[in-house]
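Below are two complexes that have subunit A in common, paired first with subunit B and then with subunit C.
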Partner chain A sequence: MAGLTAVSRTAVPRTARKRPYGSILVLLLAALYFLVPVAASLWFTVDDPAKGLTFGAYAKGLRDDGMATSLGLSVRLGLATVALGLALMVPTMVVVTLRLPRLRRVVEVLCMVPLIVPPIALVAGVSTVLSWEDDLRTTPLWGTFQALHDKSFPLVLVLVYTVMSLPFLYRSLDGGLRAVDLKTLVEASRSLGATRRTTLCRVVVPNLRPAIVSGSVLSLAMVLGEFTVANVLGFEPFSVWMVHVGEYEAQLSVAAAMLSLLITWGLLLLLTNLAGGRTRARADRRKPTV
Partner chain B sequence: MTTTATTAKQAGTTSVEPASAGPGAEGGVGLRLRGLRRSFGATTALDGLDLDIAPGELVALLGPSGCGKTTALRIIAGFETADTGELLIGGEDLTAVPANRRDIGMVFQSYSLFPTMTAAENVAYGLRVRKVPKAERAARATELLELVGLPGREKHYPHQLSGGQQQRVALARALAIRPRILLLDEPLSALDAKVRLQLREEIRRLQLELGITTVFVTHDQEEALSMADRVAVMKEGRLEQCASPSELYERPATPFVAEFVGTMNRLPGVVCEGGTVEVLGRRVPVHGECPGVGCEVDVLVRPEGLRVRTGTDGEGEAATVRVATFLGGTTRLLVTTDSGAEAKVDLPSWEAEALTPGARCTLTPQEQPVLVED
Partner chain C sequence: MAVTSQAPARDGATATEEQPQPAPSVTRRRAGRGAPRRHWPAVVPFFAFMAVCFGLPACTLAYNAFTVIDPATGASHYSIDNVRHSLTGAYATGLAGSVKLSLLSAVLATVLGTVIAQALLGARSGALRKAVVSASGVFANFSGAPLAFAFIATLGTTGTVTRLLHLKSTGFSLYTFTGLVLAYLYFMVPLMVVTILPALDGIRAQWREAAASCGATKAQFWRHVGLPVLMPSLLGGAVLMFGTAFASHATAAVMTGSSVPLITIQIANALSGNVLVGQENLALAMSLNMVVIALLVMAVQIPLQRRSNRWLG
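Let's turn to the complex of A and B:
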């Protein structure tokens, strides 16, 4: 008996002490891969050979009107893209799931096309269409074309970015829809007297909230970092402004990139907490009974 | 409670008259299905279904997979549209009325609670849609959760409740809107046996208390027979028979019903004069359709409709006991006659003590009407 006890005493702690060295190594390598460039950039922005450590580049960036304007434009474009993308994709995906499941593959292929078509090809087509403007000067469409490439808020970028965000929205929403028994939930809501709109707002959307947040975050991140389309079409959101500034003031450009990183993370965290965390937090406060 | 039912196959449809009202019938309304047909491509799910359900009655739709019972329920709920036919609730034609304006409560087979809402919010959802004041709907939700045996669970989310508790909340949610008809779509099939037994008794108790007209879809005959005022047995989109559980068991209208409900033996027999059939060396009366004299038929006899005695002398057919299964108060014997027919026989366990496997015995039918099939 004593022998058995001795064996179990030595065996259990040995198992418990085992460290997942492999996992830690992978984690460290991944952390280095992501953090070294960020740390190097940060060092570059605060290290001045003449003055030593200084936050001058950041102060200059925050005072720069160009940065505020371009960052504001990028954020507004991002939010508009997310709003338009969700308005298009949520009802479409719900209808396809409930009524037209055979079209699921078709919708999937259509939504994945922007991943295959390079942005430069996409923008070439858009430029061609925008070049028709002069021919339409005498028609009512001319006003629409004017609004599309209004410098203060270029709607054409929202439209192109919405197309480019379709793969992210599709993948997120598809995952969300597969995770819930949408048909039963909708039928339960309808049998209780709810209209289609009420069902969409009170049952479908809350149940898709994690998927909606995930798709929105990815789309927003894509818009904030997009350069090709905006640059070719001649607009100056934040990414284009950074590249332009970098041509003559490298330290300011990198400082702006670091600030944009912080702002993007802040926005994404805000979105995630606002939209996704509330229900989970409420649920987690109570212990399961069964 | 007295229930009556008639079965008459006419021109491809089966018509069933309503039974008398069940207890508490003053709270319910009648439901009438008239010639419902529904096809999905080449598959006919419903082939002219006629069924009348009296106010306050609980009718179970019973049948094998693909018999059309769920399609019928979904047409009543408004989730499917019939190709032809009528649906009348309380005399009002609701065939073309959308699901959200039918005032029908439904409990689904899969857990259908809204995951982002608490139990109380789930129960109050239908009232919120109807713009009932907040205080009133909170009080009603509390009252209903108590009624279904879940007091104090108002703030629990569905994932914090067991399967049985979730179905109770779903039942409370369906009842909260004071529906004219309650539909139950195999609500117990996902639960374990003990919870299922408990919950089916509670559903029946509530249904009787509230007097609500209820249609219950199930493929579990025990569930149907134990809960329903009447059971409607369906096959290939048509109604085979709608009758009280005892009538269905004792006087099945067709061989399909006889074999689907309970256990049934098929024994070889020959039709004789006077509406009788000779089976296991004895003549017994035939119930239902009877082929011409001299025809060789299958005779359908329940296990309790056969008698076994030790020894091989006297009236009946000599047989050998193959298997004896002890079931508590009764023992089920599997016997093979010397002519090769197999039969299951139920005996009181004390009588079956001597009939161990290998024992020789004599098998005879009881003097009861039997069904025959060509």
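Let's turn to the complex of A and C:
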């Protein structure tokens, strides 16, 4: 706590003109801790102790079929997860806010429960359920199970990832719904003669856009980096491929790790640009002192 | 979970909604067109999805954790053997290791994250704040396998920094408990920074001024005003940090393999069949232990959250 006290001194108006050296020192140390691994990893990918500077790892990555396949699978899984998550959550949250407020608490709890069941525990349950397949060989359900773990597009991962993304979606949508007076908007739209569908598409969704974008981006980032569930169930999206290739090509896997950092960064940048405008303006108005 | 106290009443509410005729107050339409419309069909897909994709695996987990398959006959019967095994020997060590790792990294992340967030406010630069917040967002999402590789490339046996600083001669190894804490902090500290910033924003300048005009020093202000007001948010953050560290598996699995005993890695090993005959459900019992611990830790937070909302809401 010593650091805290020293730092806070600078924030008092009386000493406002003093340079906040303590704060700057703390931030510099933090920057060092966060930037060194990135810089060191980048150097690791281009530095070959025998041959010196080389971009072989990146060239190899671009030629590698496994990388394209696994990255493609990750992206498709991510998009499917976001689509399913939004299809489930947007109508539910809107109806609960407008018409069924008594269900709000139930929905909240259900969406937050995945937080207390770690992915590894969830996948332990899922793999047990999947192991029933052999017992169901004679029933129509067998086909469903086959489709669930189709190697080219494992639906079971989409379902599990959707469960895992519910906390993100719930939090963003809840925040978005609290920020707009949805009831008045919907009543206005309906009294002007709009149908339910028009109201949903042209009034509700545009007003929730920042919340929808932020929930989707966080879910997408989660799916693209997910390793545990896919690995246990035996599928090979991007991060699992990264680990497999790391067993014989250390440089390539580190290059892939840097690529995944870049993708995360790009996604979040997209989020700030797509969703930031409106929310930022509102936040600035509310907190002029910061 | 924040709901236990109200759960019975809410469960009652669910039951009502699923009946064909919901309470009139819920269904009354304001637009006044046509007959009263039922709204519950809109929420059915969500509840159905949760029942199948979460409820089914979770119930299977809980049920099978207490079931043992007899290797001789193939018949399964109820037993607490799995739970007993999961709490003894190597598995107990793994569970303790996970709890220890999560506790230590949660405490460190809470303290460091708060100090960094406060330093950020102290620097009083809007542009810097924006930059740090977005960087925190990126690093908080940079976990799992990619994080492990970044650390291996930096501090691993042939890592850049290891070679540069000749760390090998000092006996440092990334593939230990310390190494894991170092790696975990990389995504936990940024997560704490974004979590605690709003709470720190809530510490009003007027409170400092009031304290100062009553003759309080900075240390006294933090001891008697700042920290008590922040305490619920800090504990909430610490619980979140613990949960994050406790659940994470990929970073440790890729970095250390099984050299540091952790329950998540043991579950993954058990799921891939590395258990004795007759202990097939051991992974489920271990998973159940994890859920119970996560629940206990989360429960700490509930009464505190309310107090925090009163001051910072």
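As a working rule, the second predicted complex is superposed on the first by the 229 of 290 C-alpha atoms of A that agree within 3 Å, B and C clash if a C-alpha of one lies under 4 Å from a C-alpha of the other, contacts with A are read in each partner's own complex, and residues count from 1 in each chain.
As a working rule, a contact is a pair of C-beta atoms (placed from the backbone, for glycine too) under 8 Å apart; a residue touches a chain by one contact, two chains touch by 3 or more.
Since this is a predicted model, take the numbers as computed values, not measurements.
Once the two complexes are laid over each other on the shared chain, residue contacts for A:Glu187 go to subunit B and to subunit C alike.
Between subunit B and subunit C, C touches the greater number of residues of subunit A. When the two structures are aligned on the shared chain, A:Thr69 is found in touch with neither subunit B nor subunit C. Once the two complexes are overlaid on the shared chain, A:Thr54 sits clear of subunit B and of subunit C alike. On subunit A, the surface touched by subunit B in one complex and the surface touched by subunit C in the other have residues 187, 190-191, 287, 289-290 in common.
Here subunit C touches subunit A in the complex through residues 1-3, 6-7, 10-11, 13-14, 16-17, 22, 26-27, 30-31, 33, 39-40, 42-43, 45-47, 49-50, 53-54, 56-58, 60-61, 64, 111-112, 114-116, 118-124, 126, 128-129, 132, 134-135, 137-139, 141-155, 158-161, 185-186, 189-190, 201, 205, 208-209, 212, 218-219, 221-222, 226-227, 243, 246-247, 249-250, 253-254, 264, 267-268, 271-272, 283-284, 286-288, 290-291, 294-295, 298, going by the rule given at the top. Contacts from subunit A toward subunit B in the complex involve residues 180-181, 184-185, 187-195, 198, 202-203, 206-207, 209, 279, 282-283, 286-290. Chain contact summary for the complex, subunit A toward subunit C: residues 1, 3-5, 7-14, 20, 22-24, 26-27, 30, 33-34, 36-38, 40-41, 43-45, 47, 87-89, 91-92, 94-96, 98-103, 105-110, 112-129, 159-160, 162-163, 187, 190-191, 218, 221-222, 225-228, 231-232, 239-240, 242-243, 246, 250, 253-254, 256-258, 260-261, 264-265, 268-269, 272, 287, 289-290. Against subunit A, in their complex, subunit B makes its touches with residues 77-79, 98-106, 108, 110-116, 125-126, 129-130, 153, 155-157, 159-162, 165, 170, 173-174, 177, 183.
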